[in-house]
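Paired with chain B in one complex and with chain C in the other, chain A is shared by the two complexes that follow.
== the complex of A and B ==
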């Protein structure tokens, strides 16, 4: 077995928390159950990984198998990576039958014709997700296995989720290979990024509960807003206002859990408008700002602003549009909010 | 009042933790060398007691105490006093350089409010800035407190003072391309905490401040309020959020940045006296 492969396997196993190593090796399926039985999972991780490497040596593991283990690790720990969303476009409306073998062949072919030194690995998951791992090299150097790119493609959709390696120069080639393989003609990067891959999927696949078109004037059955004070003398205090805010929030955010995003960024290029009496700035040029909202769970946080008295209800559409516009990066210009689209045309 | 930029270069681009210090009793500028020796012995004793910072290799802490004659505001101010702790490994050769591990300096820039009302034997240096490990700060602070019967207290910076700083610094004229004027707010008491960073292009922030400030060289609370209200209004227009109800925790400009926990970074030597004057004022009001 190649010592670079051995080292790569060793390091991959070291990343795994000790109590999950057995489970991941079983998922990998490269070592037999009998071999797994010989492993002592109660020793320090250094020793465990050494033993795993030895067993892989027995089975003559190569980089292809090692790469599969890496995909398994990254699939389980997908939230450690930052994911960007790309949307592909078809020229016609025809829904073609998706052939996974054809896809893989075309993808590999496109990449390999441009770059000889590249490691390409596929793994399919139950939810129609195809995970692709690409390790990049140069004409003169073997692929760097420690900085691969990961792509998640749901074949029934035009969406691709990419966690790029640091080597961003390979991105155009990756995009090209994707559209060639999937029979689309164009691909663009959406202004949507997050660590939570599932939340990104929720947003673009519209799997979260959205605002209802019709609303009921009263709170939904069984959802009374508990007054904060237990004092029964305080009955009407702000109750109607609280109910109004609650209702508006429901309309805008829906009743269910929000997709998990960590930040939203707004580049503002709007005019500064003020009360003429204040005698302040009245320029003809935009007042340039960059606003960034961050939170462990941004949308839940924004949802709670109006009830907390921190914001007006309804909240600004700039914030509430995040899920259904499927973006968390915005450039806002005066008058109409223009959302210029950036096309990553390879 | 022109401070030699070379001498003050060490101040720039470091995060300083701020303290207010009550006047020092019987502090003698002629005895700086003695103080360095005494402090050194104190630190060595603390380490032997088991409050060691480094374990393993035997390390000597070298203490240097010096006077910074130029670092003051008026003639009434005491010149700043700098304390530096360096590590010299006994194992290393004689020519190896000491590694500076901690610096702290006392200063007063226009601290007349305090020094005017203080008896003869007291030295007023109300502002203390420390950079380095907390354990060293603690040891140096303890020694000074014991030796000069003074009291150190962390200097927090209120949102009110932070807004003064950002208004003042946003208006500063800078010859080089400046970084953004950034205000960082925190909204902690929600179900999920929210941080908001509001960064304004430095030219636009300065243009706004210039229309607000009525008398050059003079700043009033009212002008700061108008400036902040403008920023809040612009924000509210877009997001419908009342930023004034959030907690201002940090401000950052090309001149300096300040955090509400009392941490300051000064980036431009040109405005050093102005920044120190403001901080001295904060320290003095905390003492009084």
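== the complex of A and C ==
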């Protein structure tokens, strides 16, 4: 077995938390159950990984199998990576019968014709997600296995999720290969990024909770506002206001959990509005600034602002339009028209 | 000879006596019922007279004939609401239902396959009567359904055609997916490995063997569903490895 492969496997196993190593090796399926039995998972990780490498040596592992283990690790710990969303455009309108074998062949063909030193690995998952791992080399160097790019694609959709390697120069090539393989003719990056891959999918696949007006035979199951106190001496003074806020919140955010985004960034290029007598700015130039909202779970925190009394309901549409517009990067310029409000660029 | 004659005469006499008895009974009963009828008729006439008299008295008092009591407004409203609810439920059962929303109309598409209701999808259309247009404002349609294509083809002139076509696409997709899930569940011993599918479930391939019958041979089947609005395949190919 190649020394670089052995080292790569050793380092990959070291990344895995000790109590999950067995499960991941089982998912990998490269080592037999009998071989797994011989491993002692209670020793220090260093020793475990050495033993795993030895077993892989027995089975003559090559870089292809090692790459699959890496995909498995990154699939389980997908939220450690930052994912960007790309949208593809199609020219024709014929029905597609996406064939995975065809896709793989075209993708590999396109990449390899431009760059000989690449490692390309595919893995399909139950939810129809196709994971692609690409390790990049140069015409003279073998691929760098420690800085691969990951692509997640669902067939017959125009969206691709990419977690780029640091080697950004390979991105155009990757995009090319994707549109060729999936029969699209153009691709562009959307202004949508997050660590939570599933939330990004929820947003572009329209799987997140939207409040649609429907007639349902069952009564609506909204969350109940604080229940009536048992003690009748306690009276809710602003009950109607609370109910108004709750109702508005439900309308905007829906009843279900929100997609998980960590930030929203607004680049302002608007004129600073102040009392003309104050003359804070000598020149009447757009005041450029960047406003960034960060949170472990931005949309949930926005949803709880009004009920917590920290903001007025309804919230600004600039904040609430995030899942609908599928973006968390905005550029706001002045709108030169009747309306004095700012204009959000598409 | 003589005894037989005597017996015959005796039985004849007996029979005639019985008949006579029955006849008398019938006549008695008939008479009784006739009197009864006469009595009841008399009673009816008396009651009629009484009723007429009472009505004349009432008329004298108010001048308006008495109507049967009206249902209260509340009862009428409840009946109307109940009726509408049932109607809405019927619409939901048909699969396509709608509701006017703040900005336009919100359509709900409830898919079903072979008697079980499956996924629901929603679509909000912005109504702009002045421009004669319907624009899709929000929706929860999966990205592999050709929503843009359909809206370009049918809207704004043919809203019904648009909804029908979209509904057919969604129903067929959900039907194909449901069949695949059922297939994996019920024939798990036959299938080898994982069936390969795409998002629309319109190309499916899997390997299988028939336990006990096919021996060691494994078959590979590929199903192609050319019509996106149907949940049955148009082409099937089976090969043996």
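List of remarks:
One rule holds in what follows: the second predicted complex is superposed on the first by the 303 of 346 C-alpha atoms of A that agree within 3 Å, B and C clash if a C-alpha of one lies under 4 Å from a C-alpha of the other, contacts with A are read in each partner's own complex, and residues count from 1 in each chain.
Note that in this section contacts are C-beta pairs under 8 Å (C-beta built on N, C-alpha and C of every residue); 3 or more make two chains touch, one makes a residue touch a chain.
The shown structure was predicted, so the numbers you read here are calculated from the model rather than taken from an experiment.
The superposed arrangement places chain B and chain C next to each other on chain A without a clash.
Which of chain B and chain C touches more residues of chain A is settled by the count: it is B.
In the superposition on chain A, A:138 makes contact with neither chain B nor chain C.
In the superposed pair of complexes, A:266 makes contact with chain B only, with no contact to chain C. Within the superposed three-chain model, A:60 lies out of touch with both chain B and chain C [touch as defined at top]. In the overlay built on the shared chain, the residue A:290 is in contact with chain B alone; chain C does not reach it.
Of the two partner chains placed around the shared chain by superposition, neither chain B nor chain C is touched by A:238.
In the overlay built on the shared chain, the residue A:43 is in contact with neither chain B nor chain C. Superposition on chain A leaves chain B and chain C with their closest Cα atoms 22 Å from each other.
When both complexes are aligned on chain A by C-alpha atoms, no chain A residue touches chain B in the first and chain C in the second. Interface residues of chain A, counted against chain C in their complex, comprise 93, 95-100, 124, 126, 128, 154-159, 204-207, 210, 212-215, 217, 324.
Across the interface of their complex, chain A is touched by residues 180, 187, 189-201, 204, 207-208, 211-212, 226, 230, 233-235, 237-242, 245-246 of chain B. Remark: chain C residues 85, 88-89, 91-92, 97, 99-102, 106, 108, 122, 124, 138-144, 146, 149, 194, 196-200, 202-203, 224, 226, 228 touch chain A in the complex. Residue ranges on chain A touching chain B, taken from their complex, read 266, 268, 270, 272-274, 278-283, 286-298, 300-302, 304-305, 308-312, 314-316, 318-319, 332.
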